[in-house]
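Comments concern the structure below.
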Amino acid sequence: MLFSYIKGIFKGVGTLFTGMGVTTSYFFRPWTKVTQKYPENRKELKMVEAFKGEVTMPHNANNEHSCTGCGICEINCPNGSIELVTMFLVNEDGKKKKAIDKHIYHLGMCSMCGLCVKTCPSNALAFGNEFEHAVFDRTKLTKVLNKEGSTLKKGVE
Amino acid sequence: MNGESLIVFFITSLVLVGGAIVFSNYIAPKSFNKQKIEPYECGIPTTGISWLQFNVGYYLFAILFLIFDVETVFLFPWAVVMKQVGLVGMIEILIFFVILVFGLAYAWKKHALVWE
Amino acid sequence: MSENQIVTPPKDIDLDYQDYVINMGPQHPSTHGVMRFLLTLKGETVDNVQPHCGYIHRGIEKMTERLTYPQIVHLTDRLDYLSAHINNEAVCLCVENALQIEVPERVKYIRTIIDELNRIASHQLWWAAFGMDMGALTTFFYGLRDREYILDIFEETTGGRLIQSYNTPGGLMNDLHKDFQTKVKKFIKDFRKVLPEYDRLLTGNVIFTERSKGIGYISKEDAISYGVTGPSGRGSGFACDVRKIAPYSAYDKVQFKEALYTEGDTFARYKVRMDEMWESMNIIEQLIDNIPQGDYAAKMKAVIKLPVGEYYQRVEAARGEFGVHIISDGNKNPYRLKLRSPNFSNLSAINAMAKGHKIADLVAISGSLDLVIPDLDR
Amino acid sequence: MPFDIYDFSSFTGWIDASLRAAMSPFWTIFTEFVLLGVAFLAFYAVVGLLLVYAERRVCAFMQCRVGPNRVGPWGLFQTVADLIKLLFKELIHIKKADKILFNLAPFIVIIASFFALAAIPFAKGLHAVDLNIGLFYVMAVSSVGVVGILLAGWSSNSKYSLIGAMRSGAQIISYELSVGLSLLVIVVLAGTLQLSEIVELQRDGWFLFKGHLPAVIAFIIFLIASTAEINRGPFDLAEAESELTAGFHTEYSGIKFAFFFLAEYMNMFIVASIAATVFLGGWMPLHIGSWDGFNHIMDYIPPFVWYAGKTAVIIYIIMLFKWTFPRLRIDQLLTLEWKYLLPINLFNILLMAFLVLMGWHF
Amino acid sequence: MTNEELRKKISEIVPQAVIEEQQYLTVSVEPKYFMTLMPKLKSDSDLALDYMFNVSGVDYGDALGVSYFLTSTKYGHTILVKQKTSDRTKPELETVCHIWKTAEFHEREIFDLYGITFKNHPDMRRIFLEDDWNGHPLRKDYVDEVNMILR
């Protein structure tokens, strides 16, 4: 009994020392640090391509997008974070055609499920990599995705 | 400078704590809020009073501690003069020790050293 | 003491004079979320634990009655956010089974791999938090540090770190990133070295073993009766691994051991999770090189309507058996969608486990059950 | 001996003499007291702030983090910033708390740590008081701090605090014994309780090496017991943030909380100082047998550096305890003391007494 | 046991039970026969349905029902037991929480969200919602004009 008592003490103290060994070894290995200094490393900080930061509408150099205003994204959004304001344009042939006036996106309600991007028939939407969304005013989270004066890309139906 | 300078330490610590609290009281903002002065209980109002009869599990330990602490005090004079009193003192303290250890062993055997 | 100090106790507590009633939570560091335990103490000893949940009840089951199936999938990440992909998969599998769609092999493999990665990530966070519950604060950082690598892999492929929304009925949202396989292999190679370090730091530690062995015992019969599943149930010897009982995705193609311990205490539950991390790595290694080429999604109709009937799908989430029960009336929305969350059943056993132990043990027990409150409250 | 050039008693004596020459005896004593008070206040504050910073850095390094790095160079002023923040925090008085005890508790913890600090010899001749029962005095005073914690927990009128107070009560009744008995081992070897004399006796070798096996056992027990005594590391049951949110200081806010925080770190410093003084030879340099050249070089390192270095090592060990081990449960705390440390201690004293009688120590 | 054998066995216990084959073998019983069936399901050594892995409350529109998913850890067969009550104002059903302890929480949840009271349940309180909540949200006729916006 006395023997097992003493053995228990030595074994217990031994396990304590192994634990202390782990923490001490990290203490003396400063290169194992994983901290990223965030605002300083902003320049090097690159999000991966697939990162879902916000929904954007890519525009090409001529300020053209490919959103036809079909409204599928609006239907598919589970949170109601997309609202479309559509209008009718008259094209050269004199035909009336539906187009977007404003593609309104409520970032504050978005849960980044990706259904709008996936279901868009004309690939008008994409995810952006921006992740610094903090604002002081909640209304600033409501964005209009199509740029001022943008038009529909040629050949997109 | 010896023992009497302890009074300096007493006064210094009083000044440190008292001064800081008074200073803080002076500069800190104050606002009253009924919830603020509630005792903390994870956001839920306390049920009953806090100073209830509280079941502490170390009653026997406390008694044992009292005994052993007094014995430790008795050991100090012996420890200081151990080299002078030599073997005779050693044997005497050995008897004292045996009684102490016996007491501890008895308490152990009687499961007094178990928290309930 | 003044006279108005005596407050009438709530109706549901039988207040003996000696009873010391204390609320643990909702604002408490060890409940890992907004969860409230109403404890009745005798000194330090816990006499009765009453879990009060519902602080973050969001009514997801009600919400689903208005949503289409692809939309429901992304809601389920928000249940057990630590095994988000597994929850997604449950809904998708249920819908696919109801429609009798055969998803491509590639999808099955990828789903299984990400499931297991998710399980490892979840267990890493559990290990981190469990150590912290016990008072060993360093574990928290080691666990999170290693979890970060998995989250990076997720981010690269799925775009999300914690909640991926990678599944969709019929397949996946997009294809794997080209670096996925190499990164996963590298992670496994590294993590095989780190995991023994976890053991050295915590598992073998004499204070830890003393504090967890024999604490929170629940017998196999009780575990089955309470429906304690997942690692918590397997710690009691309840062979409840859905991956074995009713294999889904690619689990019928891999060999793995179900980690079973019969002690039924906190330490057994701890060991099960540690073993599961090893097993998950084995599963991934068996699959990662054999991902077949092909489509990443089956052809689905634009609007998914399930045939009339009842469908149930069980999957093994990181905390236990996750189930989806869909009753369809033929519309694009489910008539009723019930989510069987593992934590809810696991929690129901906490009173039986914690009775007679100390407050510190209650913290250890709730840590070993690995409660995720949003899953419990739904 | 060369390191006697660093004797501070001549320096203090010079101050004393010059003051005496300049003014009347009463004002001399008064001025000296004020100087002493200011010096220790400054020392106390600087050590406290440095230790808080050191703890943050040490734990960050162990956890693969960087630690404070924003305020000042390498985040050195982080603690100062925190202190200023805490000064600006409102002091909240909890409803129905025992006001007198609630306010008294921070005083008690600080006074206890100040008193203990008084007796510590930092270098030759650099100590405020040199009592002939110095060791005994330090032990007695440092155990008063726990009373402050007990009062703080009890008076708060919060259930979590009360449990914390009860736990600290359990801590009082156990670990004081072990601290006393493990120091007794060295007293048996040294034959004196005066701290300056204990240091002086280690001129030719530290007690840790002189008393070989029993001294090493006593050193380990002292480290464990004193960690428990100062409510730290795996023994922070009275605080136990994962169980009792913050335990005894749940209801304390602002600067009052800061004092508990400060006292914890000062107690750590005091305990480390005692360990360094009693076991590692205080400000005595490291001497190895007959390596005269080596010993000579060691002598040129100032005693204060030796003292600070030894203390720092022990503080590091105490921090290592906290950041590695899980917390003990309350019954395990008592089991460890009564079933392990106490019997080993009693045996250890006899062993040491036997060694001393036979003259087997160095 | 195969579904055929299960069907036979259950018809022996409660001949009135309606048994269909869906994903799992579905047994619908009247509330009055419910308590003759349920204890047998667990205690019968051939059935040994000891693990209740899900309990769902369902609002069928005209009736409120509860579905119990049972499986046997020994044999691996699974059945689904259903009972319903057409009383929507004060629905009352028997509890099974003394047979399968997991039912205790699940039945509290169903009480909370559907308003079905379970007789002999030891602790019939709301579990998620506040005690003074009006109505039972998962019922189809539940209206909340503030938070539920109909589109």
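Going by the order they are written in, the chains are A, B, C, D and E; count residues from 1 in each one.
The criterion applied here is as follows: a residue touches a chain if its C-beta (ideal position, glycine included) is under 8 Å from a C-beta of that chain, and two chains touch if they have at least 3 such contacts.
Keep in mind the model is a prediction, meaning the values are calculated, not measured.
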Indicate the lowest number of steps between chain A and chain E, counting one step per move to a touching chain.
2
Which chains contact both chain A and chain C?
D
Pick the pair with more C-beta contacts: C-E or B-D?
B-D
What chain lies farthest away from chain D once each centre is taken as the mean of the Cα atoms?
E
Just how far, in Å, is the C-alpha centre of chain E from the one of chain D?
64
Return the distance between the CA-based centres of chain A and chain D, expressed in whole Å.
51
Using the average of all C-alpha atoms in each chain as its centre, how far is it in Å between chain C and chain D?
45
Whole-Å gap between the CA centroids of chain A and chain B
56
Give me the residues of chain A that touch two or more other chains.
16, 19, 22-23, 34
For chain C, residue numbers touching 2 or more other chains are 1, 5, 20, 22, 28, 43-44, 138, 145, 201-202, 205, 207
For chain D, residue numbers touching 2 or more other chains are 62-65, 96, 159-160, 166, 245, 323-325, 330-331
Which chains touch, pair by pair?
A-C, A-D, B-C, B-D, C-D, C-E
In their complex, what parts of chain A are in touch with chain D?
9, 16, 19-20, 22-24, 26-27, 30, 32-35, 37
For chain C, which residues count as touching chain B in their complex?
1, 5-7, 9-10, 13, 15, 17-18, 20-28, 36, 41-45
Would you tell me which residues of chain C are touching chain E in their complex?
12, 53-54, 57, 59, 61-62, 97, 221-222, 224-227, 229, 238-240, 245, 309-312, 314, 321, 323, 325, 327, 336, 338, 340, 344-345, 347-349, 377-378
Hey, which residues of chain D end up touching chain B in the complex?
16, 32-33, 36-37, 40-41, 44, 86-97, 103, 106-107, 110-111, 113-115, 117-118, 128-131, 136, 156-162, 166, 169-170, 173-174, 176-177, 180-181, 184, 187-188, 191-193, 245, 250-251, 254-256, 258-259, 330-331, 334-335, 338-339, 342-343, 346, 349-350, 353-354, 356-357
Over in the complex, which chain A residues touch chain C? Could you list them?
11-13, 15-16, 18-19, 21-23, 34, 48-52, 76, 78, 111-115, 118-119, 127
